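Consider the two complexes below, in which subunit A is the common component and subunit B and subunit C are the respective partners.
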Partner chain A sequence: MKVIRIDKNDWAEGIEKIRKTYSLIGPVKEKFYHIFANLGSGQMPDMEFTNSRISPKYIIYPQSEIILKCSMNAEEEDYKIYREPEDKEYKEKAVLGIRPCDADSLPVVMRNFDTDEYKDPYWLRAFETTTLVGLACDAPCPSCFCTSAGSGPYNHKNLDVMLIDNKDHYLAEIITEKGEKLAEAAGWQDKAEGIADEIAKRKSDAESKIESNVHTDNLAKQPLLDLYEATSIWEKAAFACINCGTCTYVCPTCWCFDIQDEVYGREGFRIRNWDSCMYPLFTLHASAHNPRGTKLARLRQRFMHKLKYYVDKYENGIQCTGCGRCVRLCPVNIDIRRICNMMNSYDPETCTCEATVS
Partner chain B sequence: MKSYTDNIKEISKRLLKEDKVDMVIGYRTGSVPLMHQPFFAQNQEEVDEFVWDSNCGLNLANYITDRTERIGILATGCNSRNIAVHIVEGKIKREQLYIIGIPCKGMVDRHKLSAMADGDITSVEDENNGSITITGQNFSKTVDKAEVLQENCSVCVHRNPVIYDELAAEEVTEQKRDDVDPYARVKEIEALSPEEKWAHFDDLLSDCIRCYACRNACPLCYCPLCFVDESNPQWVGKSIDHTDVRTFHFLRAYHCAGRCTDCGACVRSCPVGINVRDFTKKLEKDCLELFDWEAGLNTEQRPPLDTYRPDDPEEFIK
Partner chain C sequence: MENPYIPYPVRIDEIKTETEDKSLKTFKFVFLNPEDEEKFSYRAGQFAELSIPGIGEIPIGIASSPTEKGFVKFTIFKTGKVTSYLHSMKEGDIMGIRGPLGNWYPWETLEGKNVVIIGGGFAFTTLRSSIIYMLDPENRQKFKDIHVIYGARSPGMLLYKDELESWAARDDLNMHITVDSCDDPEWTHHTGFVPTVTEQEGPAGTEDTYAIVCGPPIMIKFTQPVLDKLGYSEDRIIMSLENRMKCGIGMCGRCNIGKEFVCKDGPVFTLQQLNQTPKEY
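Our next item is the complex of A and B:
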């Protein structure tokens, strides 16, 4: 793999060059935490950040997205005929500083949006036009558990370029063709030789800083209905849960949505909005019956989906990359590490499990 | 002197042993610092998990709505007032409850503490002498608890529970409105021009992701179907359109008028740090000034917007 040395003195110049081809998105501190935002002219990403408070999934999958439009003027030909908006642009964009855990969430979400049967044009077009310039993670949070969730602080498999902060310069691993194209546009070409060992050491140092983990080895083997009926797992957590959507909205791998029609003046819009399995409305039937009518049923659905149904259906690990956002932001401390370890260790004979967070 | 936690455990064990209650609602230690978890205990071992310190900032009244068991519940000043509101509004019966009163010294603001830390906080020591020590990988810092209190706690004038069956500690000294102005921030906003107010509230709500953590953490928000969840007819759009976000926050705040005890659960639970109290505190002030009313001080009187008196203020009718 090609590794390029980018002197930090030249960093801003390279960014200015790629602005000509790409619209840029990067970490910015707004109020008291970081978000990923469009970088205005001359604005630089704050690469000293830990991670964004909310996952950057909205770059490709916005919280509210207009997917179809129509005229609501009865005199017009396309009255109430929905069409794709003509002004929807998919300009090449580059995300600077995305962390490996968040990049690793994309193939997880893609399993839902890109199947043999259905292809989601909005998600896929946005994904295809995005180049990910990741930033390896040297100071993970105490609540991160990426290494046991199929990701890792130096995991570059879903990045186009991975930057490694090396004091006065970045080492940039050029991973894909998209990454190659971006490096060329930026004029980054100073090859770094003989640093493979150093990068390997940095990687293992970073991995050793991950203090917590989840045990997932037994999840696929657990009988589904036994977990479903495991009151000892669900009862106490469901009591504390307030059924807000924080965990699902900050999560990089939660993909559920709702479609709504709205009218503004003489125009109609079909909008796709994030939705959450924590809400009663998510499953409310037109008949007024709600198959997930209780708090316990909704909490259980979130964890069963991420840690059992997904595991069984895709045979590709858990639907979680260990970013730790839900652990940090759940107002009532429902900890996915604890729930995952309970599910993994659950013994249907004795109805017992181990509740640990490491 | 025994700690709050020891006393809470002792009382809870006694209540369960004597079969006075079916469960006791309190907190257990969270898996991450500054975040304890609301928890119910039904036996002696579970009671041993109970904890009480400055990180028990959600409102436990949220957990008794429409329950049918006999419940022991910990209650600080604000929590006890919300229990009173629940009783008045028929969401629980007084005789179902055994209220363990907690004279409260305030809860710490986790955002303030995180901002003070030089890295990630891995542990928090809540000293009895009024200081808080936060520790991380390469730092340890002791701060005066008064400086890092949640804003609602720092201006609280009802720290002692207003209704209880037993106290878990001696009553604490109450702050007086003359010493600490609970409405200082409200007055600042009131002094703004209409345009500035609009800009202030726009900025306040600009980060809202409509996760409804504020609503769901609130003991007042127990409607079986919230107006934002009505789908037939649908009143409010689901997107993050500004009008819909504002509609949600404004209407929710008005629904809380005369009922809110300023417990701060909404602010504490918001993942993006919106100071929801900018709405509710203004309504609390209005209720005090117009109706001489504070929510949840007894279990008999219905809140002012729920009743009519011939001498109700009506200057707003032009």
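Our next item is the complex of A and C:
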């Protein structure tokens, strides 16, 4: 793999150059926390950050997005005939500083939006026009568990470029063709030779800093209905849950959405909004029947979806990359690592499991 | 890339009030672009999202049969935001249909078999589609005995009354119509609940006999032990589910029962399949 050395003194110049081809998105400090935001002219990404509080999934999958539009004026030709909005642009964009765990969430989510039968054009177009310039993680949080969730602080398999902060310069691994194109546009071409061992050492150092993990080896083998009926797991967890939905909101791999119609002036809009399995309205029938009417059922849905249904459906690991946001931000300290380990070790004969975070 | 969210534009061609309480209306739609009708090629048992611009979408079973050409029909119970608005719409109004969505009754498996259709209330819509499909001159010989057991609260609450009577008059279909109660001395059909009528009139559950059951949860709950008694195995009891839906294409995440989506992997499941999933419907 090609590795390029980018002197930090040349960093800003390269960023200015790629602005001509790409719209740029990067970490920016807003009040106390970092978010991923559009970088205005002259604005630089703040690369001295741990991770954003909310996952950057909204870059590909906006929290609210107009998917269809029509005229509500009876005189016009497209009166009440929904079409894709013509002004929907998919300009090339580059995300600077995305962490490997968040980049690894994209193929996890893609399995939902790109299927044999149906393809979600909005998610896919946004994904295809995005170049990911990741930033390897040297100081993971205590709540991170990426290495046991199919990701890792130096995992570059879903990045186009991975930057490694090396004091006065970055080492940039050029991973894909998209990454090559971006490096070329930036004028980054100073090849770094003979640093493979150093990168490997940095990688293993970073991985050794991940202190917690999840056990997932047994999840696929557990009978689905046994886990579903494991009330010893669900009752205790649901007791504390207030169904606030923070976990689903900050999660990079939660993809559920709602579709709503709105009329503004003489135009009709069909809008897709993030939704959450934590809310009773999510599944409420018009008849008032609710198949997940209790908070236990809703909490169970979230964990069963991520750690069992997804595992069985795609045979590609869990629907989680170990970013730890839901662990850090849950107001009642519900911990997916603990629930995952309980599900993994659950014994239906005795209805017991190991309640550990190790 | 085909955009699965764009509905086909349709015009409401005809609206018929079905029941005495006016809560159910059948809408006949005609596609504005004739080529869309071909694209909307469906099988009996599938559903579609009815789309009213500015109001929303609602998943509804297709009541017309693939053998009926030139239009599609849906029978709609007035209950929520979209269906209430729909009930106020007029013939000639423009709206949209997105689909067909979901799977269908297993017609290949049912060929050469006896079929008993058990329906209650307004869940009879995709069953109408199925009956019309099976009775089509080209299809009737593909199936052995056909029984239909259909119940509603009162005679005035039965859907498709004219068609029910014409089916009852046929000799290639065993029609058993029932109502919960009725004081009309001229009522010639059954009185009593669907499970009871099924016990009296339903054919035995042999290797060659399949039951399609569609109705309110209470009817399903009491019909199931009757079918057990008649000898129907779990893989010969076919059911159609409903759950709240938005996308209809297995993406928005709300209609799942375990790892299956009612919208994409269903709505049609065998009882055997349902017994292996959480009962979140």
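One rule holds for everything that comes next: the second predicted complex is superposed on the first by the 358 of 358 C-alpha atoms of A that agree within 3 Å, B and C clash if a C-alpha of one lies under 4 Å from a C-alpha of the other, contacts with A are read in each partner's own complex, and residues count from 1 in each chain.
The rule is simple: contacts are C-beta pairs under 8 Å (C-beta built on N, C-alpha and C of every residue); 3 or more make two chains touch, one makes a residue touch a chain.
Note that the structure is predicted; figures quoted are calculated from it, not measured.
After superposition on subunit A, the partners subunit B and subunit C are seen to fit next to each other with no clash. With the two structures brought together on chain A, the opening angle seen from the C-alpha centre of subunit A toward subunit B and subunit C is 90°, to the nearest 10. Once the two complexes are overlaid on the shared chain, A:Glu117 sits against subunit C while remaining clear of subunit B.
Of the two partner chains, neither subunit B nor subunit C is touched by A:Thr231. Contacts of A:Leu329 after superposition on the shared chain: subunit B is touched, whereas subunit C is not. Residue contacts after overlaying the shared chain place A:Pro142 against subunit B, while subunit C stays out of touching range.
Looking at the shared chain after the overlay, A:Val250 reaches subunit B, while subunit C stays out of its contact range.
Contact with neither subunit B nor subunit C is seen for A:Asn218 once the two complexes are overlaid on the shared chain. By the document's definition of touching, of the two partners only subunit B reaches A:Arg53; subunit C does not.
In the superposition on chain A, contact of A:Cys277 is made with subunit C only, not with subunit B. In the superposition on chain A, A:Pro291 makes contact with subunit C only, not with subunit B.
Overlay on chain A (Cα): least separation between subunit B and subunit C is 5 Å. In the superposition on chain A, the residues of subunit A touched by subunit B in one structure and by subunit C in the other are 258, 260, 262, 275, 284.
Listing the residues of subunit B that touch subunit A in their complex gives 30-32, 35-40, 58, 62-63, 111, 115, 119-120, 122, 207, 209-213, 215-217, 229, 231, 237-241, 268-269, 271-273.
Touching subunit A in their complex are the following residues of subunit C: 1-7, 9, 32, 51-57, 79-80, 83, 94-96, 217, 242-244, 246-247, 249-259, 264, 276-281. Residue ranges of subunit A in contact with subunit C, taken from their complex: 67-68, 70, 72, 79-84, 112-113, 115, 117-121, 124-125, 224-225, 228, 255-263, 268, 270, 275, 277, 282-287, 289, 291-292, 297, 301, 304-305, 308-310, 312-313. The part of subunit A that touches subunit B in the complex is made up of residues 30-33, 53-54, 63-64, 139, 141-143, 236, 239-240, 242-246, 248-250, 258, 260, 262, 271, 273, 275-276, 279-281, 284, 327-335, 337-338, 357.
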